[in-house]
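Single-structure report; data block below.
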Amino acid sequence: MTFSASVVGGSGFTGGELLRLLDGHPEFRTVQATSRSKENKTVGHAHPNLRHKDLRFSSPADLESVDVLFAATPHGVSMEQIDAFRDAADTVVDLSADFRLDTEAQYDEWYDGHSRPELLADAEYALPELNRGNLAGADLIASGGCNATATIMGLLPLFEADILSGDEQVVVDVKVGSSEGGAGGGEASSHPERSGVVRPYAPTGHRHEAEIQQFLGVDVSFTVHAVEMTRGASATCHVFPDGPVSKGDLWSAYRESYEDEPFVRMAAGGGGVYRYPEPKAVAGTNFAEVGFEVDPANERLVVFSAIDNMMKGSAGQAVHAANVALGIEETAGLELTGFHPVGAP
Amino acid sequence: MTFSASVVGGSGFTGGELLRLLDGHPEFRTVQATSRSKENKTVGHAHPNLRHKDLRFSSPADLESVDVLFAATPHGVSMEQIDAFRDAADTVVDLSADFRLDTEAQYDEWYDGHSRPELLADAEYALPELNRGNLAGADLIASGGCNATATIMGLLPLFEADILSGDEQVVVDVKVGSSEGGAGGGEASSHPERSGVVRPYAPTGHRHEAEIQQFLGVDVSFTVHAVEMTRGASATCHVFPDGPVSKGDLWSAYRESYEDEPFVRMAAGGGGVYRYPEPKAVAGTNFAEVGFEVDPANERLVVFSAIDNMMKGSAGQAVHAANVALGIEETAGLELTGFHPVGAP
Amino acid sequence: MTFSASVVGGSGFTGGELLRLLDGHPEFRTVQATSRSKENKTVGHAHPNLRHKDLRFSSPADLESVDVLFAATPHGVSMEQIDAFRDAADTVVDLSADFRLDTEAQYDEWYDGHSRPELLADAEYALPELNRGNLAGADLIASGGCNATATIMGLLPLFEADILSGDEQVVVDVKVGSSEGGAGGGEASSHPERSGVVRPYAPTGHRHEAEIQQFLGVDVSFTVHAVEMTRGASATCHVFPDGPVSKGDLWSAYRESYEDEPFVRMAAGGGGVYRYPEPKAVAGTNFAEVGFEVDPANERLVVFSAIDNMMKGSAGQAVHAANVALGIEETAGLELTGFHPVGAP
Amino acid sequence: MTFSASVVGGSGFTGGELLRLLDGHPEFRTVQATSRSKENKTVGHAHPNLRHKDLRFSSPADLESVDVLFAATPHGVSMEQIDAFRDAADTVVDLSADFRLDTEAQYDEWYDGHSRPELLADAEYALPELNRGNLAGADLIASGGCNATATIMGLLPLFEADILSGDEQVVVDVKVGSSEGGAGGGEASSHPERSGVVRPYAPTGHRHEAEIQQFLGVDVSFTVHAVEMTRGASATCHVFPDGPVSKGDLWSAYRESYEDEPFVRMAAGGGGVYRYPEPKAVAGTNFAEVGFEVDPANERLVVFSAIDNMMKGSAGQAVHAANVALGIEETAGLELTGFHPVGAP
């Protein structure tokens, strides 16, 4: 265990996943987990899956010096605390949106502005399948957003294979679990209200459109629905390429992009019950599943993508990025297999 | 209770809903419910919600003469049994797809052909908000399909208000409950496999595209996902009109189409937790909820529609159509209000 | 519609059920629904199942004069507001625990005392199958608690038939839905935390023990678990009678107690999928289902009871009691049938 | 990876869990997984969590020679195939009930007899916390049943500390997930019927009573309910000791029994949302959680126990037993941590 690590915001859902991953990682040792609301309580108090651990939360006011600090704080906190984070750690991996976009103008458009715009150029966006080349040696990493990750993973091969150029109509219809709302939650997140919904919670204007636009160069028509599960994000991308595309063309494109990727699995209409990407098949893991069909009647391609929003969409991606940044084996600590069956994950 | 009624296929889910509705209907009395597999058993044996009733299933081989026969049989049965049905009843309401399409060619394309194509012209499709004028006095009624109904209810006002002409790109992304698979089910419908899925079960080529095309005159890019609920169908329609359309334009269009409709509720971004159409808000009822948003960044309209697939998408629509056909008050037996909260309905 | 009615606390879950029931009741007209938090908003803002209604919440500070006032407020409010309630209405039906117990000493033991103990003798507890004789003409009614109702409905025939005397060991293991926690809820009620639990939320000392003791005269070993559903309460009673009891004895006892009860259904091991009482079979209705088995190896009887906690355990029971108190047909407004299938109700 | 292993019955749920565990086990290499129904298909065809693996199912007619054979077949198969299993492997771990009981008379009473009663004395029952001393070097192991394991884990310390002697009243009320019904399933297991139930599926006479009686020497009043989850078993034990027992006494007893056990976690009323054992906190892991409360009003102890029925109740326990039998580190391959949040696991 070569590197010391800390988790700021350790009592949230994402913080809990980081603690789980670091605990099983051969190269990291967790020296601190902070929580304002649960200071001095064991990590198991917040995360029952970890109640065999004896680590206790400490105050975020006293950050220990570590090799890597993971910030799992709500949007807006990291940009305020970034100096303290960088003082405490050589490498900072931020899981919020605070350093994902390139320019202050984007933060003005999509968020409530940015208090440290001069740092935006320092940060590397992390979606390793897209840009792992930028991550080696990075010291400020902005881990990609969950819904953006699901979408980019689905569409990327179409751009890499020039099936799409960026001018085409792209509709992305996303279904997500309740953990995207974070721990705590208000009335809309209470169990009786949230159970069993098919709720259009972001009909238009979801902020992850900005990440997708920045990295794929395409404006997507993006709508996010809450459905009955606690974790998982599934993106269905309806795209309309200029000319005919066969299923064989798609297999070629996706294999070309992903055949060497350790965290990508293809599922495109094979046999059995689970013929396409499925959030419950990847729950608890860093896998992204990707699949597709051709709809010749409408000159449409339908691309499916499924991730665990807490893992490939958040904590898993952050650890993956840290592995690349620090020169560790990419899959270290992330070779997790989910279980089957599972209900609503 | 003026009219005698029977339900053929009474032990299936749709048959059970018909029995529930007829039982509470002021103008119908149920004189027969048939079931091959549960002959002589009480209806409560199949439908625990009805175990206070003493009606027993009888054989479909001995149909009693009735005023109205509702056929809740699997696709393909009605076209074989239609003569017996019409011999037994003055009015036949078929809930399967067997008489929904106009031509034999359509059945050749979308189904496995049709054994009685000469009768197709006799049948009236029933989606009363679309074509109630055709239903008065009809003696062979084909009740509209669940996913087609959800879609048509969402899109109809756009055509009636000339916001869409039929040439535009229309993507319809549907989420449905497990009852669409019917009672019984195989491995894919078993609880451990079906729970918590976001499963693309009809990525392309869903048969309800034919109904939508026939009645709206538009080719839709249609994809259906199974999600965690037993009943409910929610359609999200992504449409791209030629010119700018404001939210006010949409309110005008939808009010024009639906303000006098007894079974349509609007939900388009008001306050509270449930701001848009929601299957769980209409569970057990004949309501369709419809709502929308404008996405100016993508020149897109997003339309949401939610129904209970067993009710407005099946048994409720069938009773509604029978009411119109027989000159009964349209809402008779259908003034049902759902309950809140409900989990996964 | 002979009687005017109001609902105090109309935006909570129980208040919403009252509004639904009164809306469909032939003898009541709702003239007021109060809510502090949602004043001036439509009832559909809180209860999406009611969004076709145009009633708006008003302030509880201005109570209108009515024939019947239903108080659906949190425990402790009714005892403070009781004078205002009685000034406004001839008949007050309280759905909280504030007037269920007989003596101040019980409130000292099980609650935080009582501010108006002199009124306890005026109130009639309402569980009509137990004591409808007391309810005719009552002007202050305390509607029975959900878990107590499920338990009493299960055990009552054993006492009425002298199978139990009150000295025997009685273990009651209850499973309930999340609506028992009410609208709003805190961290434990948030969807990600509450989903899928089998959580012992009242291992011992649940307050409904007091109601059961008061009415059955037996000390029960009572444990309540939260399970995955939003509504429903299921009680499994394990009892150990002094001598041998056959299944036939049980059928006789339960038929004797319940055969004329309009809201009781028996389910004791018949065929089909649903052989015993089941919350989802009664969801949305005022039915109680009761069933049993004999375990000769352990000289045990196992009794099952299932209700909808919002209905037979709360709003339905309150309306039932009001019907009796006012001399209305007992079943008026309550002849509701649930639907099948339903997921987690 | 010192030992070769095979899984007979690899396409069932338990077989899938074994394949998952063996794949991550440092001392085992899987050389064969058999399936009659999915011969030649990849393991991912049955188990979507494993679709990154390239192992294919082979016929059970051609068993390869291995060090350890795990039999994950339905009850009754192992007793018929046991000679073939033992010919193929030095160590056979049977996950069915075929070799759990000691005598033919028990099989006559609880099952449909036994075809190889002379082998019963050769088999070691495996619940390592109860009897690990017997397992070293065992060559025929009968892995304990899920509901029996949950119950025994909860009650064992009470017997070891002489709080119970075996003469006391013990009521065990169990709640389980749908995977206990196995893959495939019939009408009762179909998603619409099974969703959201609180279904008494074994009111009395559950076969696991025999295992509990055999190993604890106590007759338990045992009732099993199906609730909404796919995996998990939670036992609530209501026990009535002869004299007073304090919570401190219980802490002492449980710590004495379990403080060195690697797979036992205590949760007995601490703070936070998850104060007691909870199936979703152990989903996917080999942990058993145990907790308790004292009910002085009823001279009752309430003991809670939660396991994953597929893991500690089946595949995990089998691998644990194999580790002990073969002299491998007990926790090898089983140091799995679940994830939080999870919905209905």
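We call the chains A, B, C and D, going by the order they appear; numbering starts again at 1 in every chain.
Criterion: a residue touches a chain if its C-beta (ideal position, glycine included) is under 8 Å from a C-beta of that chain, and two chains touch if they have at least 3 such contacts.
Just so you know, these numbers come straight off a predicted model, no measurement behind them.
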Between the pairs A-B and A-D, the one where more C-beta pairs touch: A-B
Most distant chain from chain B by Cα centroid: D
Whole-Å gap separating chain B and chain D, where each centre is the average of the chain's CA atoms: 45
Centre-to-centre distance between chain D and chain A (centres being mean Cα positions), rounded to whole Å: 35
Where chain B touches two or more other chains, by residue: 13, 177-179, 187, 192-193, 195-196, 228-231, 273-274, 278, 280, 341-345
Touch list for chain B against partner chain A, complex: 169, 171, 173, 175, 187-188, 192-193, 195-200, 203-205, 209, 219-221, 223, 225, 227-229, 232, 234, 236, 238, 240, 269, 273-276, 278-280, 293-295, 297-298, 300, 302, 304, 306, 341-345
Chain A-facing residues of chain D, complex: 13, 16-17, 20, 23-24, 41, 44-52, 177-179, 228-231, 265, 267, 270-274, 278, 280-285, 287, 310, 337-345
Contacting residues of chain D [partner chain B, same complex]: 13, 177-179, 181, 183-185, 187, 189-196, 230-231, 343-344
